[in-house]
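Two complexes, one shared chain (chain A), two partners (chain B, chain C).
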Partner chain A sequence: MNDTSTLKPGHILGETGIWEMVIGLEIHAQISSKSKLFSGASASFGSEANRNVSLVDAAMPGMLPVINEFCVEQAVKTGLALNAKINNVSVFDRKNYFYADLPQGYQISQFTKPIVGEGEIIVDLDNGEQTTIGIERLHLEQDAGKSLHDQHPTKSYIDLNRTGVALMEIVSKPDIRSPQEAGAYVKKIRSILRYIGACDGNMEEGSLRADCNVSVRKSGKEFGTRCEIKNLNSIRFIIQAIQSEAERQVDILEEGGTIDQETRLFDTSTGETRSMRSKEDAHDYRYFPDPDLLPLEFTESWVQDIKEKLPELPDSLKKRLVKDFGITSYDASILVEEKDYVDFYQQAANGRDGKLTANWMITELFGALKKDNLSFSESPITSENLGELISLISNGTISGKIAKEVFSEMMKSKKSPYVIVKEKGLEQVSDDSEILELIDQVISDNQEKVNEYLSGKDKLFGFFVGQVMKLSQGKANPGVVNKLLKEKLK
Partner chain B sequence: MPNKDTIVDVPTVNKIARLCRLDIPEVNKESLTNDLNNILGFVAQLDEVDTSNVEPLASVTGHKLPLRSDDVNDGNIEDLVLKNAPESSSGFFVVPKVIE
Partner chain C sequence: MSELLDLNLVEASEALKNKKISSLELTKAYLKSISDTSSLGAYLEIVEDKAISMAKESDKKLIDGTARPLEGIPIGIKDMFCTKDIKTTASSKILENFIPTYESTVTQNLWNDGAVILGKLSCDEFAMGSSNETAAKGNVINPWLKNKKMSPGGSSGGSAAAVAARSALAATGTDTGGSIRQPAAFCGITGLKPTYGRCSRWGIVAFSSSLDQAGPLTRTVSDAALMLNSMAGYDQKDSTSANLKMPDLMDYLDKGIKGKKIGIPKEYTQDGISEDIVKFYEKSIDWLKDEGAEIVPVSLPHTKYALPAYYIIAPAEASSNLARYDGVRYGARHEASSLDEMYELTRGNSFGDEVKRRIMIGTYVLSSGYYDAYYLKAQKVRRLIKEDFENVYKKVDYILTPSTPTTSFELGKKQDPLTMYLNDIFTVPASLAGLPGISLPVGLDNSGLPIGIQLIANSFDEPGLIRTARVLERSAGFNFIADGAAK
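Let's turn to the complex of A and B:
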């Protein structure tokens, strides 16, 4: 019982027994629009400070917000992909707070009537199991600007380029029970967003970030008081932050303390969370409907048009790959993580051995790219060339062992495998007479061993196969070598 | 005034003032509290009307929310944007240090 190695993920063993985590996530996804949610300034990343700012974004008096239709469409599209209820009437509210990078003094968001209501997604866990996570809501809102605190000892520098960029906030139900599930959930949401093109999912540039609500309880008991960890921008940090926060809460509760509901920050250098805002400054946002914006309304037929144009989503694609190419569900789940993987795979495997292609792509190609620190889009090997390599293996032109040599050369030179095999003369030798020549050579070089073999030392057979293969520089067809050797050594 | 019920008290005024970053002199708080109660009391008359079957009215004009297409047609006016800033440097607004 006290052996922590048998603890389930999401369980913490304390002095008083096992605690269970209860986790809910708020994902902020930047919509892949060219312009901002309520202004025509560019939403692009990395421009000169305050270059992408209109008078609307700067909150000059008298400026009025006008909503971006593309952003509304992306929110509806995402709602549909999350199997969620689409609200044909939704309302924008002002969320009031003061901060230097929020010139309006309020964020335009949606509070009581979001554009998307309840839904659910299926999440693939590392152990091959699946779990369903409920979606509470999705709403549209403005991003804030950026504050730089390290440019000056007593001043902060403010860049409003990000101010007003369109975000979707996707709120999960508190259905998540372990840090690993939280990671898998974010991965799945990110994958769906990338498939439908609503968000580029780039966590390093902050296009996708998550706030995690964490509490702990004894199994079956009521939810405990939660803390919110703000602004996590990698799946690894999400997993670390949740684990460390839950452990902190268990320590406090077991010492007889209580959890204060508060906002916390994850310190990536210590791997621990710390309090972000003092309690007396607790936020009271005084939401009210934005008088500058009428309710957002659209017709059911507009929603249906969007639904019909939705691309095939990862879950359905995964099933199809298993069915059409005979690969395992696990391999399929890796391939559907990214749209680019699936497209590459389908081109490479088209008309070829699906399992073999999946193996080479997942083990060899992904492994080699990781080793060379290359992203998938930088792969020196095209889908066409990987496909050719699979054909060369399947039709016996080269052995699996030679194929690895060809593969390394493809990574280096970007040449087609046909060209490499031809240039280096790597074709597998299956011709009986050529192989017999090699066998004769090996027999005459190892007369003593042949005698031992003939007098009953069967184990030596492998040695002869090895010698013939070595002499052929790995090019002899091992099946043919086996067959001919057996006949020759009778 | 039709409704004399106290809706806000001085602590509430203090709280709202803090959230709004308003510095209200102590001597004005009592009269401000009275003013707010009078205004809210006046508006509270609306509670006498039964609206349980009425949808909230968002607009009396009958207009729909206008949408714009996703075009970049604004920005590149950093000089204008920074023109009223008390302090700026290399394209940034410069403000007293704010850090959480």
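Let's turn to the complex of A and C:
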């Protein structure tokens, strides 16, 4: 009955049967804003330590926060893109705790009245299926600073550059059922954020991080006790951490144990999670409304203005690509994954063969970039040049085979395909008289085979085509060669 | 010298503009006063050089005809206001050596209008107290009945004592639950707490953000009007600052109160108020009636809950506001082997008892499990108190109450915290409602200590507050000078 070969992702086969994972994600997305959430200091990444710190960020006596309107707009934009309810009145609360990299002694966040309420997104899975994941809420909050414990034997160093940087915390409902779904969900959120420009989604720089809540249960039963894995900064780690945490929980439960609700960390070297603090040690954050800030209020018309200015989002864009360019739904879903891809594609395919462009981009370009270990933004081939290549193929200037040669040259030299074709004289020969000359030569060189063919050995036709192509160094238009050969050898 | 000290702010300003006196001689007279009355302990920091140079600058402007509203007027600043390059301690050991690199909006407004700084004035630690006894550097002595060492009140005790002792022509204060009005009453001077949002809180060391409000302590009502004209104003850097233009208060001084309705809340005349204060309260009612006001008995039914609500809300906010004094970036730090131990030693050694008490109360009332019963309930009470006032202001223009239940008390007579908290019983309701209030001296009790009466106006009706207070001031004719004042 428990056949592992039919085990679905997110299911774990234990001694007592199949366990199902229940996963909820809290994504922290740094808003792409020049300045911080409540101060004018720069929010840029990679500055020298403690350079981007205002008096407000350092929590000097008497300093007061002032909300950055741009960040509010980004949160509303994101809420709209997540098909979520926008709360026209929301409240900032103080989350109180002591830590050396938290100068105020509290983080300004939103607790009971977040700026964005419930929503949902459609997530594309690797098997081509789709699933809907609910959004619980989105709220605005400040980031903390950074503590460096390894710079000095007895002291810790503090860098406040990140202190006060604007974050959006996007909380999912516990709708996710497998690590792969969690990964796809993060990908989708990241893609949406990049489309609307609210967050650059850069996980390496920490602009996007996730806390994962994981529990296991037998199918159809009540949710189990969950553990929270903190601060995961890559999709790969999210998938690994959830899988390993769920397995750990199954092991405990099957041995008759119980799960302690606790916060855990993922150790990337062992691939396992370990306890960070238990529920008993959990902070009492003493949330209360921040008296330095008025409730955040905006009008419906302001929200409408933002809504009207929203760019086209992945889901509708995908549908449009299928319709306008005649490509498959699968290709379209790959292209809309990143805004950069789809922008590139639309430029390259504009007025050209959409299917051919998609093939060349997905198979050749993505493949070549992967082989050369280059990111998409580092591509030596521009959308303009890829488009030109498509045109050269479509109008018969070069054959598909020659195109591959031109493409490799484009990867190397960054030259336009037109220039490469010209320089190397790679234009396809379609002119009847030129090709007839080649045919005549092949016939006179292979008189014996011609006789065999004429006496009924039809298979030899391919041989003649090959010889003509070879003689033309691959430049002869194969269609024309075929037609003329047939006439000649009647 | 004496004639210079006799001039109140408005008179001194006139004399300066008419070039009868110079700012330099006026400022020097006050610097001498400060040294003559130093035993009162009102000043924590005296900035003589800066005072002299600002006075000289003012004299230039007075001569070339570009004088500003407060040109050349020497004033003292409560130590809660951050002053650039001048030590600002909030009377706390934890900020013992703190020198801000920035200037609070309110003090900057004063300097922009030509005022001259004399120094920083003592107060209760982080403005928490009603007797100035919680100040880290020790209490301030009330210049009245100087030899008996009476309390100047608090928390703006240094400000009130300095104005009463004539060692500052005016002073700034902050009022969270009565910290301007109560010490003004104890020291026989005028103290005005504006509407919440009238003065920017930017650069003022925060005690309780939803209640803190800066205001002037002065000799007269017109002095207060002139000071507040300069102190008030919208400030983008304070999100709770009101974007409203305040009319020139000097225009309202002599408008009278004929036909105005004065509310007398029955809840403010209960037991425990000293007889002399009741006597002067009744006299004040009569004076206003004589000036053509209509006296209307009113009720503010939730008044009795104001003090308990205040002592939940203010400590709750304080417990969070004071978390930043952690020894990490500035202020006192006690080295230790772990971060938690460093926090404990730094905060344990550097905060005084009253501050610690309020941090603990505040932490408790915000704790999960207690939040609803205390903090949330207190916020509901605050709303009801606000509504009480809103209802009353549908019927009357101003409310008249005593400022304090008793006159000043002797320092060092150890009072338990709860008795001390009762000092603010008449001032706290207006604070919770965010309303402007003024305390002015109307007489002396039988031991010779000043009695203050409070007027409360509707939100942003400082003009009305000023015109009514001016009438009461005239009728009372209080012209006594403290025995401990500079001569």
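Just so we're on the same page, the second predicted complex is superposed on the first by the 429 of 490 C-alpha atoms of A that agree within 3 Å, B and C clash if a C-alpha of one lies under 4 Å from a C-alpha of the other, contacts with A are read in each partner's own complex, and residues count from 1 in each chain.
Everything that follows uses one rule, which is that a contact is a pair of C-beta atoms (placed from the backbone, for glycine too) under 8 Å apart; a residue touches a chain by one contact, two chains touch by 3 or more.
Computed from a predicted structure; not experimentally measured.
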Which of chain B and chain C A:A58 touches, first, second, both or neither: both
Touching partner for A:R94 - first (chain B), second (chain C), both, neither: second
Partner chain(s) touched by A:F366 [first = chain B, second = chain C, both, neither]: neither
Partner chain(s) touched by A:E297 [first = chain B, second = chain C, both, neither]: first
Contacts of A:F463 with chain B and chain C, given as first, second, both or neither: neither
Partner chain in contact with A:V72 - chain B first, chain C second, else both or neither: first
Which superposed partner A:F288 touches (first chain B, second chain C, both, neither): second
Which superposed partner A:S39 touches (first chain B, second chain C, both, neither): first
Which superposed partner A:Y106 touches (first chain B, second chain C, both, neither): second
Dominant toucher of chain A (residue count), chain B or chain C: B
Chain A positions touched by chain B in one structure and by chain C in the second: 55, 58, 66-67, 96, 98-100, 156, 158, 284, 286, 293-294
Residues of chain B defined as touching chain A within the complex: 15, 19, 21, 58-59, 63-78, 80-82, 87, 89-100
Residues of chain A that touch chain B when the two form their complex: 33-35, 39-42, 48-56, 58, 66-72, 91, 96, 98-100, 147-149, 151-160, 265, 276-277, 284, 286, 289, 293-297
In the complex with chain A, residue positions of chain C that touch it: 81-82, 88, 90, 95, 98, 100-102, 104, 201-206, 208-210, 236-240, 316-317, 319-320, 322-324, 326, 328-330, 339-340, 343, 363, 366-368, 371, 375
Residue numbers on chain A that touch chain C, as the complex places them: 55, 58-67, 94, 96, 98-100, 103-106, 156, 158, 284, 286-288, 290-294
